[in-house]
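Below is a structure I'd like to ask you about.
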Amino acid sequence: MPDNIVDRLVEIFRRFPGIGPRQARRFVYHLLHEGRGSIDRFVADLRALHTAVTQCEQCFRFYSANTNYRSGHTCDLCSDSSRDNSLLMIVEKDADLEAIRQSGTYQGSFFVLGGLIPILEKDPRSKLRLPELNATITKRLSEKSLVEVIVALAVNPEGDHTIEILKQTLEPWTKKGLRLTVLGRGLSTGTELEYSDADTIKNALENRS
Amino acid sequence: MPDNIVDRLVEIFRRFPGIGPRQARRFVYHLLHEGRGSIDRFVADLRALHTAVTQCEQCFRFYSANTNYRSGHTCDLCSDSSRDNSLLMIVEKDADLEAIRQSGTYQGSFFVLGGLIPILEKDPRSKLRLPELNATITKRLSEKSLVEVIVALAVNPEGDHTIEILKQTLEPWTKKGLRLTVLGRGLSTGTELEYSDADTIKNALENRS
Amino acid sequence: MPDNIVDRLVEIFRRFPGIGPRQARRFVYHLLHEGRGSIDRFVADLRALHTAVTQCEQCFRFYSANTNYRSGHTCDLCSDSSRDNSLLMIVEKDADLEAIRQSGTYQGSFFVLGGLIPILEKDPRSKLRLPELNATITKRLSEKSLVEVIVALAVNPEGDHTIEILKQTLEPWTKKGLRLTVLGRGLSTGTELEYSDADTIKNALENRS
Amino acid sequence: MPDNIVDRLVEIFRRFPGIGPRQARRFVYHLLHEGRGSIDRFVADLRALHTAVTQCEQCFRFYSANTNYRSGHTCDLCSDSSRDNSLLMIVEKDADLEAIRQSGTYQGSFFVLGGLIPILEKDPRSKLRLPELNATITKRLSEKSLVEVIVALAVNPEGDHTIEILKQTLEPWTKKGLRLTVLGRGLSTGTELEYSDADTIKNALENRS
C-alpha cells in the first residue's frame, strides 16, 4: 500500500466496481472539497454498516438489522410469514435478488449462492454456498414446506455451468420428488429478432405459447 | 431536390438506414475517389437489383430470382418441399426472417408482414399485409397443410400492439381450431437478472421449466 | 465477387467508409423497399457524378463542373479572382478543405495533397501529389503571387511525418524566401486541461498570448 | 437523509462525480462484501484525509502535509525554490494543476481559482478566489518576483467568461506592466481538420508558425 493517504484512497476506490484510476482520484478530490462534517457523517455510516447490516443466516442476503423484526438473525424476507415458503429461488447475488423482489412478480423465498462458476474452475464447489444450500433445503423439507427450487442465474456460460453444478448437487432431492426449475428463456423486453442469437431464437421457439 | 448532383446524392444517402448528413457526404467523396469502372459496376448491380431480386408472392420476402428453381414467382423457401408447411411464422421484415433462418432452429414457412403498428396509428390495418396474410392462410388451410401460425415480432409496444391486431384478424380461424402462438418470452442470451425489467422477470418466472 | 446481386451490393456497400456487413445488408433491403423510380434516379445521379464532378487540375479538389464558370478545368475556388493568391493551404483531402472553407476564416487558395504518410511507408513520395504541388508552386511563383504555403494536416504521427516530407520537398523554395507555416497548436474548442496530453499543454504554453 | 444506513450510503455515493443510483448501490454491496478489516482501513484513511492533506494557503491546491518540507502551510510546489516564481499560472482545479505538472512542461508557480463562472451567474465574483488571488499577486509583486500571469482554463463558454472576469480583476496590475497571457489555442493532439469547428480553425490559422 502506498504510504501517501491520497494514493492509498485512490487504491481503495479503484477496487470499487467499475472505477478506474482517474475516477478514483476524482473521488478523493471530491472528498477533499467536502467539508469535515460530510466526511464525519460518511465515516460514521461506514463504521455502522457492518453492525447495522448483517447477512441473513438463512438466505445469506444482507439486510438492515432493525431490532424490531429481528428474530434469530434472519432477514425481513425470511421472517415474513406471508411469503410463500413452498418456493425457494437461488440467485447469484444481492443485486439480482433486489431486482427480482422489486419486480413484484415473485412472493417466494430466496437463497443467495454467492457467485457463478467459470467452466475451467478447478474447485468449483468451494466458491459457492453449497453446504449452506443443502442445510436450508434439508431444514425446509423437514418442515414440509418446500416444493420447488427455482434457479435464477444470468444467461451466460458461467450461469449455465453453475446450473449444471446445482442440478448435480440437488439430485438426491430431485430424485425424491423435489421440483427443480430454471427461469424460462426466450425473447426479453426490447429484443429485436434481427439481432438475436440462435440460442435465444431456439428457446423462444420452444417456449412459444 | 437540390440541382447539384453531389447534394442530391447526399440527400439520397441520408435516407439510408442510420446515415447522417456528414457520413452521406463522405459516401459521395468515397464514390468520387473510386474509379469510373467501380461506379459502372455499382450502377449495373443497382439497375439489375429489381429484376434479379423479386418479392415472393407467397411470403413476400425478397429473393434472388434464379431461373432454375423459379416456379410461379415463389421464393426458394416457399418452393422447398422439404420445409414443414404445417407451420407459418409471421415476421416483421426480411432481416428478421434471415436471422431466424440462419439460426437453423426453424424449418417451417414464413410470412413477411411488412411492419409493426404504433399504438396511436389511426389506420393500422392499411400498413400491414393483412389481406395477403388472409389469402395465404386460406390457401394453406384449403391444402389442409396448416396447423399453427407463430407470431415472431420484436418485444416492444409496437410489437405487442401488432400481436393484438393479428389475434383479432386471425380470430375466425383460431375459433375453428387453427393454433396461434407467440414466441416465448424470458431471459435471452446475455441477460443479467440485476438489470432485467419486471416484465422479463415475470415472463421468465412463468415460463420456468 | 459473389455472383448473387444482393451479396455483390453488400460487398460494394461494405467498402463505404464506416459500414460493416450488417449495415451494408440493411442498405440493400432499403433499396429493395424503395420503388423502381427511386433506384432509377439514384442510378442517374451516380452515372452523372463523374461527368458533373471533376477534379480541379490546379488544386485537385472535386468540384461541380458547372459550365458557366468553367475555364480550363479549374474549380470555382481556383477561378475566383477575389481569393487571396498569396496564400496556398495544403490539406489532406476534400473533406478537410470543405471544413476550412465553411469556417469562413480563410480566403486563400488550396491544394489537396491526397493522403498522409505513415512513418514506416517505404515509398512515401509516390502516395502524395508532390510533382503536382511542385508544378503549382512553380507556376504561382512565376506569376509572383505566392508568398506563403500553410500546411493544414491532422495532428497525429502520420500528419507530423507528412509535414516533415513537405518541409524537405519545399526546401528549395523556402531557402529562396518562400514562407512555409504549419497550423498553430494549442487548446482546441472543448479541451479540458485535466484530460490534455503533454504535447497539447506544451504547445498551448508556447503559443500563449 | 434516509434513516436506513444502506440508503444513506447510496445517497453519499451518488454525490461522487459521475455516479448514478445503481452504481452507488453496487458500491455499498461491494463494501458489504469487503471484510470488516478493509472497512476499518478505509475509515482510518478517510478520517486522516483532512489532517494529512491540507490546502496550501498560497496556491490553494491540496497537498500531503508531510512535516519535513512544511513551512507556514505552503505546499511542496510553493516551497520549492527551484521553481520559476516569475510565472503564476491560474488553473480551475487541482486535477488541471496535476495534469499540467505531470506534463513536465511548466516550471512556474500555480494558483487554483476554485471554479469557472457560467455566463448568467448573478454573483460571479463570490464563486472564485479573487481576493486570495489579489493577495497572492500583491505579495509576489512586492517581492519583485512576478512577471507574468498565465490563465489556463478549459476552452468553453464558462472558461471564456472566467477569462474576462480575470482580465477585469487584474487590470490594475496589467496597466502597470504585469503581463497577462492565456494558453494558446489551435489544433490539439488528435484533431482532424474535417471535424474541427470554425473557432479552432480560426485560432490555428492565426497561430500558425
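Annotations
Lettered A, B, C and D in written order, each chain numbered from 1.
The definition used in the following text is that a contact is a pair of C-beta atoms (placed from the backbone, for glycine too) under 8 Å apart; a residue touches a chain by one contact, two chains touch by 3 or more.
Keep in mind that what you see is a predicted model, and the values were worked out from it rather than measured.
Fewest steps needed to get from chain B to chain D, stepping only to touching chains, is 2.
Most remote chain with respect to chain D, judged by CA-atom centres, is B.
Chain centres here are Cα averages; for chain A and chain D they lie 41 Å apart.
If you average the CA atoms of chain A and of chain C, the two centres end up 56 Å from each other. Residue positions of chain C touching 2 or more other chains: 93, 95. If each chain is drawn as a node and touching chains are joined, the picture is one closed loop, every chain linked to exactly two others. Which chains touch which is summed up as A-B, A-D, B-C, C-D.
Residues 91-93, 95-96, 98-100, 102-106, 150, 152-156, 181-209 of chain D are the ones that touch chain C when the two sit in their complex.
Taken together, the chain A residues at the contact with chain D in this complex read 4-6, 8-9, 12, 15-18, 23, 25-32, 36, 39, 41-43, 45-50, 52-53, 62, 64, 93-95, 98.
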